[in-house]
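Pasting a structure below so you can have a look.
Per-chain numbering from 1; labels A, B, C and D assigned in written order.
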Amino acid sequence: MTHRTLDTALAEAWIRTAAAAVEDAERHLTALDTAIGDGDHGSNLRRGFTAVLAALDAPPEGGFESPGALLRTVGSTLTAKVGGASGPLYGQAFRAAGAELPPDADPAACADALAAGLAAVRALGGAEPGDKTLVDALAPAVDALRAAAETGATLARATAAAADAAERGARDTTPLQARRGRASYLGPRSTGHQDPGATSAALLLRALADAAAR
Amino acid sequence: MTHRTLDTALAEAWIRTAAAAVEDAERHLTALDTAIGDGDHGSNLRRGFTAVLAALDAPPEGGFESPGALLRTVGSTLTAKVGGASGPLYGQAFRAAGAELPPDADPAACADALAAGLAAVRALGGAEPGDKTLVDALAPAVDALRAAAETGATLARATAAAADAAERGARDTTPLQARRGRASYLGPRSTGHQDPGATSAALLLRALADAAAR
Amino acid sequence: MKKLINSPGSVVDDALVGLAAAHPALAVDFERRVVSRAVCPAGPKVALVSGGGSGHEPLHIGFVGPGMLDAACPGELFTSPPPDRILAAAQAADSGAGVLFVVKNYTGDVLNFRLAAELAAEQGHRVATVLVDDDVAVRDSAAGRRGTGATVVVHKTCGALAERGAALEEVRELGERVVAASRSFAVALAAGTNPETGRPGFDLAEDEIEVGVGIHGEPGRRRERLRPANELAATVVDAVLEGNRPGPGDRPIVLVNGLGATPLIELYVVCAAVTARLAEHGVTPARTLVGSYVTSLDAAGFSLTLTAADRLMLELWDAPADTPALVRA
Amino acid sequence: MKKLINSPGSVVDDALVGLAAAHPALAVDFERRVVSRAVCPAGPKVALVSGGGSGHEPLHIGFVGPGMLDAACPGELFTSPPPDRILAAAQAADSGAGVLFVVKNYTGDVLNFRLAAELAAEQGHRVATVLVDDDVAVRDSAAGRRGTGATVVVHKTCGALAERGAALEEVRELGERVVAASRSFAVALAAGTNPETGRPGFDLAEDEIEVGVGIHGEPGRRRERLRPANELAATVVDAVLEGNRPGPGDRPIVLVNGLGATPLIELYVVCAAVTARLAEHGVTPARTLVGSYVTSLDAAGFSLTLTAADRLMLELWDAPADTPALVRA
């Protein structure tokens, strides 16, 4: 069965897929962060998603009332448990996306929600595209999702396009010199390494596409 | 020319020979002290004999009045400059030996002076023969020197016998378990290593024999 | 990796248990990881709250006590605490005269303290923030300079001013002036090893040093050969004075700080070298503090902080304090 | 060997210059290497003098000041100072009520202080000596146990008693009681490197530790696998309590001491573990001091000292002190 809209079940499937992916990628993310940061991005996200899974396992009475409510819980859990730079950024992004998301979001509505998440990241962290941050994965993903929606793509296809774009965006951070976050302290020495946050952002979008395709 | 008695000239020649020998052996002595002590015996003695040479280069008006006066200066210089365990032990030994030494000491008088030095070491440090200290080089040297004197040996032969005995004594410290000084903290682990202080004591006596033979 | 720990994941919690055991004057909320004073100030006073990633001890948990902080919120190793932990510290500390957040300028700290300030304001706390950004090794980053050693000077001077009954705005303003007057720069002989990864933040050869290093294992501006302390001190002093020479009325406070595994005898050697180089620049320190106050796990090396203090700052620097890591009679 | 120094031979002198720069309350005689108080006590009081090899900082130079030592005489690295330096310290310190030498029990220290005491007596100084020998790792040596962490407790309590105007004999007697009540034991993860040799005192594999180690790079009782802090603490606590369990009236003072390159966060982890193990033995510390006070250059590891203090000792432990390394308000 492929999902046509982002309903509560798919939202939950997405987050559980993402948690598993984070667990698998922990060492890789930490290795990326060791090169140009402080070597904790993997453990930060693992800690966050462990708490998120606990929150999903103890849903409110009667379950989450909407995919948006579920994502808002994901966001506040990440904000409350992760710390560091990525904690508030992802946390506020999920909260903003959840607040924007209608109960049964089609690809266009999903694009709007993701755009709201991106806007939250940019408002909080002040990063521009090209600053070598998770914005560099999220921004192209929003564009790709919106473009796919406009051509009437299914949710599975649209989110796959978004994940592709995010992965490209993450890869394209490699030559960039960081201007935000810890990597920016390295100046020119930050080039030649892929940004850990952009990498994890792409991973989260791939998890959505995978869940939507199932 | 071989010296018949330990006069001021020979005393000075001895100490200058000893200083050169200490300089050459510095690393070896420190290596021995690293194994069972704190790795400074070589640098301690080098520091001491550097000061001793300075004292010899600035003798009292009219020169040292006797070999005993010269050795007392050596002793107080070592006491004042070396520190550690070996500083006061060698310092007081030279002072006591110098106090005992007559102006033109024959081998028997030399043996008495060396015995006085040994007694000073034992009085100050409380070591018994077999405790793995410089006593284990000095005590057999006193005996050998006295025995040679009794057979009427020349100063050169008598001091050579003392140096031989001291070197044997130093070598024989290897299997001993230390009971005094820093090496004693190692307990059974102090066996199998030659004692640095006994080694330097033998070196000082060899310097005397070498000077007396010239 | 050789460390006196039980497991990588338990370091922060275990250390807090030890802190509580050694310092009965501190109240430690293990659940929420908040360290505060066991005895609250007599009347309302501005509360100082600081925190950030752990691994920089005694910063911040060792500076809680009369004359300095009211509460500290330590995060995971090198990871700033999330907003609700910071909020819990603010709640524990607020005695009615408002709360000053002292925040080191790292993205994580800035964001989490910002969200915490919003939460605290919603709950009726008056909150102001001082952002510490003294590390001149950082240039051309939109994130700005990092916060390091000057944090100690802010804790000490703002803490003393708060103790005198100054208002929140006044204490904040002092903090900003201290930050503006402060510059730091660090050199590492070895990076610290985060027990979570088990690997040093970066690898250096036996004769290499990292110049301009951060306190989270961030590599520095450049890599150089190890040189004598006098030369390293000259590099560091010159970097700290660049564009920030203390004025004629200034009474510089100097902090010669160890990074965690630096023996005190080496710090005194560095202190001698720093003092001599400052003298060559015509700068005479009014006060010099030597010790390991802002560390980076078991990194070896030192940082220098210079605060071009005015008379008030110096007076507050000398004021009484009674904390685990800094006591002034 | 990576160190912040200028040359191996200049470490002690350079560090003294740094000490003098940072602490104007100290008078430093660079020629004779004597550190004393810049301001002499108001009236005659018993003077405390201590010293020994350098490389153990802050011991002893960091404990000079009101409430603790009157003078310290640092020797070369790991080498006790010669008698005339000790005499110079006694001369600088004696204010007319006699001098107490606090001597760690190493052959070099014992002999040099003994000769110094004779010289001082010849010059009319009244001198008494307390010999500190708390390290229970040493057994069956005719040289007796080594002196380590308890030295800090002697400096602090005897210093406070002297400050109260007690007579020389009284202060000496207290010192002996403190020594009798004190036991220490140390574990190293890595030996310190003496810059003169450039080599660590001993080599350990990546997973090895030295149990019962001394503070001069002396190897310990045995070599073991590195274990979690809780287990190491149990070993060390048990060694310290063996045959010396504090009595019911005792108020134990506990010192969790870093060896020079141990980060504070690890010491707090150890402190938690030590406190827990002591509790299993039914021992509740009255006071706990955590920090690097008796070091061994850049050795990594910790020592534990336990003093089964009586009421007077505890009162003196809490008394005011104002020194570079220990301040009590």
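In this text, a contact is a pair of C-beta atoms (placed from the backbone, for glycine too) under 8 Å apart; a residue touches a chain by one contact, two chains touch by 3 or more.
The structure displayed is predicted, hence computed values, not measured ones.
Engineer: Which chains contact both subunit B and subunit D?
Structural biologist: The common neighbours do not exist; no chain touches both.
Engineer: Taking each chain's centre as the mean of its C-alpha atoms, which one ends up farthest from the centre of subunit D?
Structural biologist: Result for max centroid distance from subunit D is chain A.
Engineer: How many angstrom between the C-alpha centroids of subunit C and subunit B?
Structural biologist: Between these chains, centre-to-centre, one finds 55 Å.
Engineer: Where the centres are mean C-alpha positions, what is the separation of subunit A from subunit C, in Å?
Structural biologist: Each chain reduced to its C-alpha mean, subunit A and subunit C end up 33 Å apart.
Engineer: Where the CA atoms of subunit A average out and where those of subunit B average out, how many Å apart are those spots?
Structural biologist: That pair's centroid distance is 78 Å.
Engineer: If each chain is a dot and touching chains are joined, what shape do you get: line, ring, star, complete or other?
Structural biologist: Contact pattern: an open line, chains touching in sequence.
Engineer: All pairs of touching chains, please: list them by chain label.
Structural biologist: A-C, B-D, C-D
Engineer: Which residues of subunit A touch subunit C in their complex?
Structural biologist: Spelled out, the residues of subunit A in touch with subunit C are 30, 34, 37-40, 43-44, 47, 79-89, 92, 124-127, 131, 178-182, 184-187, 189.
Engineer: Can you tell me which positions in subunit C touch subunit A when the two form their complex?
Structural biologist: The touching residues are 53, 75-85, 106-108, 111-112, 114-115, 137-143, 146, 194, 196-197, 199, 201, 214, 216-219, 221.
Engineer: What residues of subunit D sit close enough to touch subunit C in their complex?
Structural biologist: 2-7, 11, 14-19, 21-22, 54-55, 57-58, 62, 189-190, 192, 206-207, 209, 226, 228-230, 232, 256, 260-273, 275, 285, 288-290, 292, 295, 297-298, 300-302, 320, 322, 324, 327-329
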